[in-house]
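Several structures are given next for inspection.
Common to both upcoming complexes is chain A, partnered first by chain B, then by chain C.
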Partner chain A sequence: MSESTATRAAAATPPRVARKIRGLSDRAIAWLFVGPTIFLLLAINIFPLIWTVRLSFTNFKANRNRPIEWIGTRNYERILTDSDIWLNMQATAHFLFWTIFFQVLIGFTLAYLINKKFKGNDLWTTIIVLPMMLSPAVVGNFWKFLYQPQIGLFNYVVGFFTGKDPSSFEMLGSVDLAPWSIVIVDTWMWTPFVMLICLAGLRSIPDYIYEAAEIDRASKLRQFFTITIPMVLPFLMLAVLFRGIENFKMFDLVVQLTGGGPGSTTELTSINLKREAFEKWRTGYASAYAIILFVTVFGLASIYVKALNKVKER
Partner chain B sequence: MSNFFTGLLRLRRGPWEMLATILIGLGVLMLMQPFVLWAYTYSFITTLVGTVMFIIVSHFKD
Partner chain C sequence: MKSLKLASASAISFAAATFAGASQAEDLTLCWAAWDPANALVELSKEFEAESGHKMSFEFVPWPNFADRMLNELNSGGQLCDLLIGDSQWIGGGAENGHYVKLNDFFEAEGIEMSDFADATVYAYSTWPKGTPNYYALPAMGDANGWFYRKDWFERDDIKAAFKEATGRELAEPETQKELLEVAQFFQGREIDGQTVYGAAIFTERGSEGITMGVTGALYPWGFKYENTPGSYDMEGAVNSPEAVEALEFYKEFYETATPPGYTNSYMGESLDAFKSGQVAMAMNWFAFFPGLYADPNTGGDKIDFFVNPPQNQPGSTLGGQGISVVSYSDKQDAALEYIKWFAQPEVQQKWWDLGGYSAHNAVLESPTFKDSAPFAGDFLEAMANVQDFWQEPAYAELLLAMQKRMHDYVVADQGTAQEALDLLIEDWTEVFEDEGKL
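Our next item is the complex of A and B:
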């Protein structure tokens, strides 16, 4: 079947092109195939990165038609001495830490439970992963309704369990509660992702290891800490890396929910960056801001890849 | 500890990567801590040095 396809393809190639290709070496043909991808990679990823680095040292404004002025490291100095941006970094750190903490905790627990063989576990897996499949814009909008103090289900449930009046608190409007409200929604949406990765880890552990442990009379707790956890750890670290990088640049969900408010309590760095770049049009300044975030994520990713390789070696 | 310093002097990958990792971690902590502004100010340069160092030293011999 494949031979006939190849023959047909060869026959369909115009004689002039076929003659040209026949004259090329294997290496040249390989480059011919890889070339377009490399070109796209350079054009879409590498060139904009280099251009952003260049712009970060200028006072360029994309909405003004004036010559670009070289201002050295002034943009970086401004960003790194601005206490408002420092607050945005803290808001991001709060969001990052707690979302990862809850997602790993709940995700691993769910994966552990789902991994036990029981009736209907496939159905439960499907139900649990549903939030992950929704669009962040949709999730943001319907959680906005759930958080409504008058008609919201969330306030009603909290009121039911704590005895508080449901309309006495506002999750999205309160300075103290708004950072937690975005943590709750992100955890609800992305815990299934962590669960799926953990489930893959748990299912990759061969049964004979547990059987050997049983023969050695290792307790269930001992098996959990000496077999399950070490073997799931690389998967867990991968999940943390993915969620860490994703949440560091979280934008859509939070914009839909709070728009960065009240005040700037939930204004994560990506939201602030977008405001600087496309509302205030301080392109040079925003480029420096983007480079700072990029270096941070790149550095963290390097550590993680190293840690992951070490765990794999074990 | 002496192995660590010997490794540094002999330009070995392990200890240098460890040093770069410490710098990156310290830089990220400085960037996101809520206590002192000066630490935030010097966070980027710390992370940048750590990251560039990591890229370079990951090509050293084991």
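Our next item is the complex of A and C:
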């Protein structure tokens, strides 16, 4: 009846190994199973993290044959007082805020509409989710052509509706428009993801809650704000978390579209970090940079997850 | 008996020497950028394969990824490349970090004289520290930034008349930078055969080296210097001299008034596309592309001509080109050196030029027939006589990326002034040299 873990594990293994397992305690068996995973985790996550922290206090350059010098917190001081890096942070914050804002707004609206039963519902769902199935590199190249001032469809459509000459404005070449051009592309690509999460949330609301509200003569608007929004909120917050983390490390799409330009207008922190680490080979400096970004994301995500749990508990 | 012993010893020595001399057939890999001259080198190398018995493989990487890919390979001590035709700016890092084999002893043993190659190419592609007789590469591909234009448009009477009316002078190849801008502005937005065309395609690329290579095409003719005294790293007053400021303002004006719309992140490929599609009257690009452009059935032949980067205060062209080095991590160094020995021969160098490569060998360049051997040959010689190169320091990548940022911020993103851009560049470069312990 109360067979030990060791006995059950032994029964499921070949006789020679089984004899060895029978001699082990439950705790030892548990370690045997969990050990490889913990080892891998230590080897490929924890050790590099500790190593990066160590390097961040040095002037190490991975492409140079010279002794590593311990320089204390100099890398951190340099990064935190570098106005160019704060501009990269601002560009990242702009990108993060507006992509999440538009994706939540449009994604939720689409989910709300798709959730209504109508003919061709499934077909529309499939069409809407197509962009997120494409590779970011493909999407970047594709939109680069759409934004082309002379032959691009985007400029032509804007020109058609506004009466402007399509070649009179450059989405990717203008300092004012380029930050918005990357927001538009990311929103186009990832709104379907937010829509799917919202749709799952909407479909999880039992019909009887709306029926009870109908009986109580609650208006549609009231039902929306007192039933739909509160019950979908945990799902929405989860979508914001996923998109926030993803967009904080956004690289490929923006590199394809603007390469970080014009100037450094769309040089997000991840692009800047890659340049420091693998083009300039300032390994120590880039390690400090990576640690600062890691602490920022980890800190913000932890606070956010606590808030998310509180919303779920309500 | 004694003579028999001697004969036997001689025979054994001869046999041993013969076996030692005949090196084993190897599979050599040569790494370079993926562009027209690389195809010419594949063709040329077939002779080496036939002569030596070695087999040649090639690893060609597109230009935008070339530096990233190859420097990563070298930094990781990779054995992908036995021979590398690396950019001139890599020579400092290649030498100091031990990536390249020093070739002095080999050159001496094989009788390869550096004086047989054009001085500018030896200085730029082979030596480290600069100008010292320490050689880490053989000049392989001479190159500089030049210009080409639509000769058929320049020769049309209606266009010539319109230009004369607009400027008061004849439409011809520009002889100064300011004339270059004037011609480009004349063509900007002009209707030719029912199509709107633009002035010129220049380099504005942000990610790798594009805008730096373009901007220096204006800076050098204005008299730009990296240091007041070579080797002293004293940049104040040199990098941000009034002439440098004027040249940078000129390049920005060129970008704003004489380039096609959307030309914000463009380098070699975009320049070629703009010209071949009939979008621009003129374009800047490396001489390496000129044979292909001349052979183009639509815009080549009679429709195209070439000119050297025009002077302003002095002649000056941006150096391109590369030397060929033996990678120190290769375990086939003997065979790789054999390739270099073969490649250094004057007759091979002549074939190299004939196939579309740019030889730097004096036997080719000083031949009386060279100037007339291609429509751009004379311009190439003129350009190579006045080339300047970017920093070739081991920290060149940091120096280059700093310049990319400052130039793109000012020229394309319209942030700050030329003076501020150059002042900030000095700050960036000073920080790099301080980190390097050179300041």
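Methods note: the second predicted complex is superposed on the first by the 299 of 314 C-alpha atoms of A that agree within 3 Å, B and C clash if a C-alpha of one lies under 4 Å from a C-alpha of the other, contacts with A are read in each partner's own complex, and residues count from 1 in each chain.
Going forward, contacts are C-beta pairs under 8 Å (C-beta built on N, C-alpha and C of every residue); 3 or more make two chains touch, one makes a residue touch a chain.
Please read these numbers as outputs of a predicted model, since none were measured by experiment.
Within the superposed three-chain model, A:T265 lies in touch with chain C and out of touch with chain B [touch as defined at top]. By the touch criterion defined above, A:F39 reaches neither chain B nor chain C.
The partner that reaches more residues of chain A, of the two candidates chain B and chain C, is C. Of the two partner chains placed by the overlay, only chain C lies in contact with A:P149; chain B stays clear of it. Within the superposed three-chain model, A:K280 lies in touch with chain C and out of touch with chain B [touch as defined at top]. In the overlay built on the shared chain, the residue A:S302 is in contact with chain B alone; chain C does not reach it. In the superposed model, A:L80 makes contact with chain B only, not with chain C.
Once the two complexes are overlaid on the shared chain, A:W51 sits clear of chain B and of chain C alike.
Those residues of chain A that touch chain C in the shared complex are 59, 62-65, 84, 147-150, 167-168, 170, 172-173, 175, 255, 258-265, 275, 278-282. Interface residues of chain B facing chain A in the complex, by the touch rule stated above, are 17, 20-21, 24-25, 27-28, 31-34, 37, 40-44, 47-48, 50-51, 54-55. Contacts from chain A toward chain B in the complex involve residues 76, 80-81, 83, 86, 89-90, 92-93, 96, 292, 295-296, 298-300, 302-303, 306.
Contact residues on chain C toward chain A in their complex (touch as defined above): 68, 71-72, 74-75, 93, 96-98, 205-207, 260-265, 394, 397-398, 401, 405, 408-410, 412-415, 435.
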